[in-house]
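Shared between the two complexes below is chain A, which has chain B as its partner in the first and chain C in the second.
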Partner chain A sequence: MIVIENVDKYFGKFKALDNVSFEVRNGEIVGYVGLNGAGKTTTIRIAVGVLYPDKGDVLINGYSITREKRKASYHVGWVPELPIFEPDAKALDYFVYLAGYYGIPAGEARRMGRELFEKVGIGEAADKKLKQYSQGMKKRFALAVSMINNPDNFLFDEVLNGLDPEGIAFFRKLALEFKREGRAVLFSSHILSEVENLADRVVFIHKGRIIAVHTMEEIKSMAKPALRIKTDRVDEGLVKILGEYGEVRVKDDAVYLINPSIDSSSLIEKLSQKGYRVEEINRVRPSLEEVFFKIIGEQK
Partner chain B sequence: MSLTPIIYDFKRSFLRLSTIAFLIVFLLGGAGLSYLSYQFFTQQYPSIYTAGIITATNNTCMIHGIVYDPFGHLVDNARLVLVNRSGSIIAGFRVKGNYTVNLTDLCSRIGGARKLWYYLGTIRVESSIGNQTITTFARNMVNESWYIIYGRDFAGGGIIGFGEQPPTAPTTRQEEISKYESSIPSVWASLILLDKKTGDSVLIMLAVNNNQSIPGLKPHYNISYAFLKTMIRQGIFGVSGGFSTVNLSRLEYRDLGYIDKYVSMYRIRVDPDKDNLVLRIYDPASNTTSYLTIDYAFKTPVKAVYTGVLVAGTPMNLFMTFFPILFLYLSYALLAKPKSIGALEFILARPVTRWDIYLTRWVGGVLTALISPALFVLAVDATTYAILGYGMPGSVLLAVYTGMTLALVAFYSLTYMFAAGLRSSLHLAASITAYLVFVIFWSIIVLISAFIIGAGFAGVASISYLLAYFNPLGAYNFAQYSIQVDYGLTHPVETANPWLGGLSAIIWITATFIIGYYLFKKANLTS
Partner chain C sequence: MRDGFVRAWYIFYYDLKKYYLKAPVLSWGILFPLTIVLVLGTGFGAYTYSRMIPVGFTIAVLFASTSIVHVAVAFEKMSGSINQLLFLPVKSWEVALAKILGGLLYGFIGAGLAGGIYYYLSHGLGFIHPLIYLYSLTIGSIVFSLITLLIVFWLDPVPAVAVLNIVRFTMLFLGGLLIPKPMIPPIIRPLVLFFPSVYVNDLFNYGLYNRYDYVDPYTSMIILLIYLFTLVFVAYRIMLRILKP
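Now for the complex of A and B:
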């Protein structure tokens, strides 16, 4: 369980986080969505204890990351957005080194490292130096490290970014597995659709402030289906007719009928009866990104 | 937290290529340094000596003697050449450290020679480095020298003498002998003063029996010894006053036992507060007692000279000129660089605090600072041992090691502090500046300070120690100083206090460590 409580963070005069609060419950995957520079990484870095908050606190399994850093850190795994390691170390050696901080003796850590490397798909590169790792391999390495002590909580920062399709599939599977095991998973993204199939809830952050928290159901319902209709002409009459079957929106050279209460073939019939020639009609769904922008827009 | 991170950080500091390369250069350098010191030493002191007796009874001539180094250790494999008065070789032998030469025609070869010359050019077997004969090594090391066997005729025509001294020695010794002796004994003695402070010495005695009826002129005397202060001396080298009159028989003697051998060596401790060793020789056959005195007031303690050359000399300082570079580099590799590229953040996400990271990496470098000088000092000592068969005194090793280690840890902590507070490029700039100030330009700074204060050249030593407290590497100067003073190689300087020097290093270490932590706590660990 990760509880973020009223966190403020300043970089100089710039307020990067403004009273950020939300929680990730056990057995829950939470998407953390916001535009570039919104403050996702900053929040996560504070939550894993590598950055001090100026106000507020983060509780990991009830341990304060600011006051009980060792205990809190023990229960959280982190995959950074851009993982940076000491470049001259060999991956497995470095894993053993980091495992040492969890009190795992070298021999056991080595065995465990090979296992986890195999699992995350860098088994071949265990003896390579970290500076020879690609960005995706670094992510996989960080993922292996985050699982060292099998923590209850995971913070993944843009983890799908830089992974190949196979890696993405693997990660999704892993996240769901964590969820099933009752762990708390937070993962950030600047693309809402990226979290669509995964997240139970989405926390939206914009310019350092939490602007909305929605369950995936709610978000999906916001993304209502629509009929996109292109006719020979768009006039008030057309809008009036369509208005009987749902919400109408005119955009560019097309008209959108949102949440239509009529199917497309009947609509074509109705329109041609009234003298409109339908050139094109198709069912559309506003993308999640549109929903996302709508949420942000509402907040502005 | 297990020990793995500390061990790992240590391994990364110690087992890194640059550290190893550095150490190898240093170990070789340390060995070379010992060799250089030895060379220097042997320029002042011939590397081997011999003392021997030629006995001639019933037309059987034998040479009994020893070959030894300046520290009184027997040296095997010396080539001993007997040369007659006109300079032609009459016999040559390769001898052991303790030898008896018994050639059938030795008597006839010696003939009527009054003086015999030992020609010594040795090839030593360095048993401590694998029983290998290192011919060129030894040849270069040893000044080939002529040694006189000097002596006097005595009943039976035997010749007795020391080969230790240059040709002027007999007169001196004769004077010495005549100073106190009631009768001229058939015992000759020589003293090697190893250490002035402890009085650690080697006493070498040659003895024959005056009595022709004893087969082989085998000696049988009871020897005891005592100490005597004959002069009132002031200061280190000043002499004032004169001889005091003493009755030798009234001294308090310690028993050395009977000597039954022609050549004997004893390890004794002379009284550092006295200046003469008095040997009492009792001949039970004739029930006579005679005395022999050896003045050791002005003898140079060989260990001290060697140690002084080795420890306090320029070559050793050279190492302290370059050693700090390694530690400057370690603080860069262990802290400045990973911090700068942002690699510490990932480590900080472990169940550790900034303190843990700061401490383990500091310890990693400190362990290297504890081990490298130890290896270096041991290399120097081992080489010394290989060359001389004589290690440096433990107290000296300890002082050198402690001084070096404190100095290096202090310098490391200083640059580690820079690493904690500055970006890696600035860390390098600050560390190199510190290096230039505290190492390269330090002596100039001392000179200028002495000049500004108006102390002049006479005050340089005093100012230099005063300023050394403000140099993180100063502890080493104080270690050198304490050794030099211990061995009487330098006059005490009022401003120099080795304990304070050590304390200064500890303060340097503590202060930089604490300030460094304070800076590290606030540091931005993101790249």
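Now for the complex of A and C:
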């Protein structure tokens, strides 16, 4: 379990985090979302003990990351956005070196390394130098490293950035596996559709402050239903007609009618009478993106 | 506590493999001070052994210990791999101790090489107070390492080099080393006493020749200890506060 308590962090005079508090329970995946520079990475770096907070604390399985750093570190795995390791070191050798900090003897670490490398999909690159690794491979390596001590808590910082679809699917599967095993997973991401797919709860941060924490059910209920309509043409006349039945948004080649006061079949009939041919109409699922921008918009 | 020292040793050992033959360490930590040592050595005709040899030792220790600590931290800050180190189940003081161990080892290497050269040039090298000499070498290396640690954690790697060189070269000229005491204007002499190199040099002087320029050896020993504890405290606070993403 990860508990972040009243954390403040300054960089010079700039207050990067302002009284940030939330928790990630065992067996739960929590998405951490916010605009660039909102404070996601700073929070995660404080939570894993790489940065020191100016106020507040982070408890990992009850151990303070500031006062009981070593005990807390034993229980947490971290995959940074841009994993940086010794470029000239061979992956497996470096893994063995890092495992030494957890008191794992070299022989056992080597065997464990090969197993974990297979699990994360870099088994064949175990003896390559890390500078030969792609960004995706480095993330997989970082993941293997984060599992050295089989921790109960994981923090993934923008882990999906720069990954191919296979890599994204792999991380998704792994996060769900961790959840099933009762571990706590916090992950920040710009890919809101992935957060929506994975998270049980979402924490919203804006300008260093937590502005909302919602379960996915709450988010779905907050987002207004909408109709996605594709017609033979999109013009001002169409927007005007639809405007009588709700808020209209044009996106790509479709028009969205938010919170419609008319049902689909009646709308098709109305549009046909005005000379528009409806090619496709469907009810769309409310998205996290919509809620995200609504919450951020309220803050602005 | 014991575990902490074991971890510090582990980091130190890995640093040893990674950084101890890097070009900046060899050039600033070994070649430059040895050049000065040789220049001083070949000037024996103009100056006495007892004047030049302690200065040569101090310069060798100063540059050797500061260079390795600078490289061992700056390279990791530049590459970002220090974050991985800080993430591991280690404490900040263990990381700092590992880096200081590097400075200590290099201080001994620098002194050993300088000693070898002077032994050859002066056909022998005697120690009147070997324990005092050893004290100066050990505490001096640690104090110089701590000063470097403070600078390199506080500043970004490139400005850190500039500041470190300003500190080292100021010590060279105003820290009781290259400019002999009689040539320093009396008005500047109190400033000289601010630099730890003065006390390290006086202790080397006492350890080798039973003489000193500025302060008696026991006062020098105490002042160096005060430097050490103050720097430990300040460097630790800076490590905690200054580490940035």
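Note that in this section the second predicted complex is superposed on the first by the 243 of 300 C-alpha atoms of A that agree within 3 Å, B and C clash if a C-alpha of one lies under 4 Å from a C-alpha of the other, contacts with A are read in each partner's own complex, and residues count from 1 in each chain.
The definition used in the following text is that a residue touches a chain if its C-beta (ideal position, glycine included) is under 8 Å from a C-beta of that chain, and two chains touch if they have at least 3 such contacts.
Keep in mind the model is a prediction, meaning the values are calculated, not measured.
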Clash-or-fit label for the pair chain B, chain C on chain A: clash
Touching partner for A:I84 - first (chain B), second (chain C), both, neither: both
Touching partner for A:V96 - first (chain B), second (chain C), both, neither: first
Partner chain(s) touched by A:K69 [first = chain B, second = chain C, both, neither]: both
A:G49 touches, of chain B and chain C: first, second, both or neither? both
First (chain B), second (chain C), both or neither touched by A:A109: first
Of the stretches 2-10, 56-64, 74-82 or 110-118 belonging to chain B, the one that collides with chain C: 2-10
Common ground on chain A, meaning residues reached by chain C in one complex and by chain B in the other: 45, 48-51, 69-71, 73-74, 78, 80, 83-87, 97-98, 100-102, 145
Residues on chain A engaged by chain B in the complex (per definition of touch): 45, 48-51, 69-71, 73-74, 76, 78, 80, 83-87, 89, 93, 96-106, 109, 142, 145
Footprint of chain A on chain B - complex, ascending: 1-5, 7-8, 12, 338, 341-343, 345-353, 356, 525-527
Interfacial residue positions of chain C with respect to chain A in the complex: 7, 10, 14, 18, 79-81, 83-84, 86-91, 240-241, 243-245
Touching residues (chain side chain A, partner chain C) in the complex: 11, 41-42, 45, 48-52, 69-71, 73-74, 78, 80, 82-87, 97-98, 100-102, 145
